[in-house]
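Okay, structure first, notes after.
Going by the order they are written in, the chains are A, B, C, D and E; count residues from 1 in each one.
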Amino acid sequence: MKLPALTTVAFGAAVALIFFYAPTDADQGFSQRIFYFHVPIALTSYVCFGWGAWKALRYLRTRDERADLESYVAVHQGVVFGALTLVTGSIWARASWGVWWSWSENQLVLFLVLFLFYCAYFMLRYSVDAGPARMNMSAVYALFGVVLIPVSFLAIRLSQRFIHPVVFDSHAPSNMTGAQWLSFLVSLAAMLLLFATLYNVELAGKRIDAHLRELRELLGRRLDGGPQRAQAPALPAPERGPS
Amino acid sequence: MTYIGDVGALARKDLLLELRAKETLPSMLLFVISALTIFHFALPAGTSDVAARGLLWSALVFTALLGLTRAFVAEREQGMFDALILTPCDRSAIWLAKSIAVLAFLAAAEVVALPAFAAFFHGLNGRTVAAVALADLGIVAVGTLFGAMAVAGRARELLLPLLFLPAAIPIVVGGVGGYLWFLVLYDAIFAVFAWGTFEYVVAEAA
Amino acid sequence: MTYIGDVGALARKDLLLELRAKETLPSMLLFVISALTIFHFALPAGTSDVAARGLLWSALVFTALLGLTRAFVAEREQGMFDALILTPCDRSAIWLAKSIAVLAFLAAAEVVALPAFAAFFHGLNGRTVAAVALADLGIVAVGTLFGAMAVAGRARELLLPLLFLPAAIPIVVGGVGGYLWFLVLYDAIFAVFAWGTFEYVVAEAA
Amino acid sequence: MIRVHGLGKRFDDRRVFAGVDLDLADGLLLVTGPNGSGKTTLLRVLARLAAPSAGTLELPPRERIGYLGHSPNVYRELTALENLTLFARLYRVERERVGMLLERFGLWEVRNERVSTFSRGMQQRLGLCRALLHDPSLLVLDEPTNALDVQGLELLDAVLDEPRLHVVATHDATRFDARATERLVFA
Amino acid sequence: MIRVHGLGKRFDDRRVFAGVDLDLADGLLLVTGPNGSGKTTLLRVLARLAAPSAGTLELPPRERIGYLGHSPNVYRELTALENLTLFARLYRVERERVGMLLERFGLWEVRNERVSTFSRGMQQRLGLCRALLHDPSLLVLDEPTNALDVQGLELLDAVLDEPRLHVVATHDATRFDARATERLVFA
C-alpha cells in the first residue's frame, strides 16, 4: 500500500511548511496558522460528501451493493471531517474573535446546517433494516445532500442581508502570498490523501466483516456462538418435487 | 392523460383517508392555534413585524411537519406500497398525489392561521401570502419524499424532523426575507428531485 | 405494590418501544439543534427575550404533540389493547405508564433543549423552567387520554378535535404567562380526571 | 364456566347474531359458519372484549380468559422474550413459564429477535404463547390454525387436549371433529 | 413466464434460501415448508416486491403480476368499492370489472361499507379481488386459504382453474394436490 506512505509524507511536509515556512500573520499572529488545517479540512469534507453522492448515483444506476457501502463510508468520513472543521473553526474563532461560535458568519451556519443534514443520514440508516430498501433510501438522501449544498449556500448568502449585521469582516484569502499558497495547497493535498486512506481502511474493514458473515453462513453456524435459528443451519437448496 | 388521471385517483384516495381518519387536520389546527395563542401572549403589543413574521414562519414549518408525519401511515399499516407499486401507474404519481393531499391540509390550516395572524399582528401583506404559498409547495415536495423514507424506519415520527428540518432552512430563509424568486427556485429544484427519486424510496426491486 | 409494579412493567415496555431505535437521544439532540437553527433564521437579530420565549413554548407544544402522536401507535397497529385489558392489571396503569413514557420522551427533549435555548437566546429563568415542567404534566395527562380515545376508535370522531383543542390552550396560556398556581391546578384536575376515565376509553365491555 | 342466555350483538343497525344460549363447563366449543357470519364477534363477546347488545352472560373473570384473535396481538418492535416477559409480569406469572412456552412452541432460538422479523406462522405461535401464559380457564381461539405448519397444528392439538374450556372458531371443522364437545353453527 | 436461476435471499447475515431454479410457463407451483422456512420471502421476490440477493430472474412485468400476501393490502378506511375503483383506475381496467368481481366474491352487498368493518374472510376476499382485478398473467398467493370459508375456497379453486401461472404458498398441500403442476419444498 503506497497510499498510507504518501499520506504520511504529505502530512509531514504540510506540518513542516505550516510551522516553519509559512509567514506569521500580521493581524492574528501565530493562531492564524490553524487556517492551514481548518480550511483544507472543511474543503475535504465537501469532497467526501460529493464522493458519497457520486457513489450513491452509481448505486442507483447499478444497484451494486458495493457502491452503497462506498457511499456510506464516504459520507461517514465527511461527517468526521465536518466535525473536525467545527472543532478547528471553533478554536480559531476563540483565538481570533474571542467566541466559540458566531451566527453572523454565513459559512459557519451553512456548515452547521449541512452537518446536521448529514448526521440525520446516520439516523436514517440505523432506523431502517439492512437491505435493498435501506440502500435505496440512503442513496437518495446522499444525493439530496449535494443538491442542498448550493441551495443552502445561496440561502445563507441571502439571509446575511437581514439577519445580524456583519460584525466581523472575513479576511478573504485572495491576498495570500506565494508561501501561504504553497503551505495551503500542500496541506489540502495531505488532507485529501488522508481522506483517501481512511476511506480505504474503513471500506476494507467493512468488506472483511461482510466476508466473515458470508463465511459464517457457508459454515452454517455463527462463530460467535450467538443464538442459532432453528431453520438457519446451512439451508440446502429446496427440493424440487415431481410434478 | 393517464398520468394526471392516476394522480387524481390517488389524491382523491389520500384526501378521503385523511378526512375519514379525522386526525391530521385537528392536530395541525391545534398546533397552529396554540402557536398563535402563545405568540399572542408572548409578544408584547407593538412587537416588530419582523419578529412576528419570524414566528409565523416557524409555526408554519412545524405545522407542516405534523401533517407530514402522518402522511404515509395508512400505506404502511396496511402494506399498501406493495399493492401500489405493482400497478402500472408511475411511482412518482404516488408522490405527487400525496403531496397534493398534504398541501390541501396545510392550506386548510393556513386558511385559519393567516387571518388569525393578521388580526393579532397586522403583519400580513400580499408578499407574505405569496411567500407562504410558494413555501408550501417546497415543503410538501421535500416533506413527502422524506415522509416516505421515515415511515419505513423504526423511529419514524422522530426521524422525519431530522431529515426534514435541515432541508427546510432555505425555505425559512427565503420566506422570512420574502425572496419569492428564491422560493420558486427551491420549489422547482426539489420538486424535480423528489419526483425523480421517489420510486427508489417506495420500491425495493426495480 | 402490584399497581406500581404493573405501571413499571408497562412503562418499561413503552420506553423500550421508544428506545428500540437506540438512537432516540442523539435524535433528540439533532432535533433540538435543527429547531433552534430554524428559529435562528426566523427571528431577526436582537429579538426580545419575550419573543424567544414564545418560540420556546411553541417548540414545546410541538414536541409534545409529536410524542403524543406516536404514543399509542404500537398499541393500535397490533391491537394490543385487546391483549392488555384482559390482564388483571388496572386499566389506569396503562394510562399512567404511557404518560410516564411520553413524559420521559418530553423531558429528554427538554433536557437538551432548555440549556441549548438558554445558550442561544439567554431568555431562561427558574420560573420558566418550573412552568415548563408543570405544563409537561398537564399536556401528558390530557394528551394520553385523548390519544387513547383516538386509537381505541371510540368516539374518536367527536372528542379528539373537540376536547383536545380547548383543553390544551389553557396550559399554553398559563405557561406563557408563568402562572404556576394555575398550572398546578390544571394538572391536578385533569390528571385525576384522566386517571379515572381511562378505563372507559380503552375497554368496551366491563 | 360460560353461561349465556339470549345473547345478541348489533353493530348500529346490523344485527350480527341474536338469541345465543350456551352453558358450558369444559371441553371444546366449535364455532363455524361462513365468512362474515359473526364468529369473531361472538368470540370477542365471550372473551369480554366486546359488550353484547342483548342477553345475560356469566363468564370467568377477565384474567382467567386467554384470547387469540385474527392478529397475534404482540408488539412487533419488541422481541419474543420481551413480549412474554411483559405479560408474565402483568399476569403475575413466574418467568420460568415464559421460557417453557417459548421452548414448547419452537421459539426459544429466536427469543431475542424482534417480532417484526418473524414469519407469520412464528407470530401465530407467539400469540398462542401469550394467550396461554397464565394458564387460563377459558381459552378463546379465532381460527388458530391460520399460518401454522404441520408441527404447529400438532402443538395446537396438544393445547386443546389440556383440561379447560376452549372456544374455537374455524372453517376447518373436520380437523377438530374428534375433540369437539359442542357446536355452534352460524348461518 | 418465470425463469429464475440460482435465486438466493439473505436478510443481513441470515440466509433464507439459496440456489432456487425455476422455469415455468403456466400451471400451479406449490410452495410448502414449515413456519419460517422462506415461503413468503420467495413469493415476494417472485412478485417483484423484494430484490433477491443472488441469482438471475426473468419475470413478467410488474403490471402483469397479481399478489396477495399475508395481509389483504387494502385500505381499511375506504370502502370495498372505493378500494377496487382506485386500483381499477390505476390498472386501466373498466369499472364494470369491479362490479363483476365484487359480485363473484360475494361482496356486492357490502361494497359501500368500510373495510375496517369487514370480517377477516371478507377482507381476504377483497384482497383476492384486488389481486385479480387486472387479470394478471402471474398470480402469487401467500396462504390464500386463510380465513376463507367453504364457499370462499370454492371461489379460490375456480380462480386457480383459470389459465395463467399461479404460485401458491400453503401449509395445506393436499388441498391443491390435484392442481399442482410443480412443487417446491422448503426444509
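Throughout what follows, a contact is a pair of C-beta atoms (placed from the backbone, for glycine too) under 8 Å apart; a residue touches a chain by one contact, two chains touch by 3 or more.
Quantities reported herein were computed from a predicted structural model and do not represent experimental measurements.
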Between chain C and chain E, how many steps is the shortest route if every step has to go to a touching chain?
2
Which chain's centre, taken as the mean of its Cα atoms, is farthest from the centre of chain B?
D
From the C-alpha centres, identify the chain that is farthest from chain C.
E
Winner on C-beta contact pairs when C-D is weighed against A-C:
C-D
Roughly how far is chain B from chain C, going centre to centre by Cα mean, in whole Å?
23
Per the C-alpha means, the centres of chain B and chain D lie apart by a whole-Å value of 43
When centres are defined as mean Cα positions, the distance from chain A to chain D in whole Å is 54
At what distance in angstrom does the C-alpha mean of chain E lie from that of chain B?
35
Tell me, which residues of chain C touch at least two other chains?
20-21, 23, 27, 30, 34, 37, 41, 44, 77
Residues in chain A with touches to at least two other chains are numbered 63, 113, 116, 119-120, 123, 127, 129, 131-132, 159, 162, 229-230
Multi-partner residues in chain E (2 or more other chains touched) are 11, 33-34, 36-37, 50-51
Of all residues in chain D, those that touch chain C in their complex
45, 47-51, 62-63, 65-67, 69, 71-78, 82, 86-87, 89-92, 114, 130
Which residues of chain C touch chain A once you look at their complex with the stated criterion?
21-23, 26-27, 30, 33-34, 37, 40-41, 44-45
Going by the contact rule set out above, which residues of chain A touch chain E in the complex?
63, 129-132, 213, 216-217, 229-232, 235-243
For a test of understanding, state which residues of chain E touch chain A in their complex under the given definition.
10-20, 27, 33-34, 36-38, 50-51, 180-187
Note which residues of chain C are touching chain B in the complex, please.
20-21, 23-24, 27-28, 30-31, 34-35, 37-39, 41-44, 47-48, 50-51, 53-55, 57-59, 61-62, 65-66, 69-70, 73, 77, 150, 156-157, 160-161, 164-165, 168-169, 172-173, 176-177
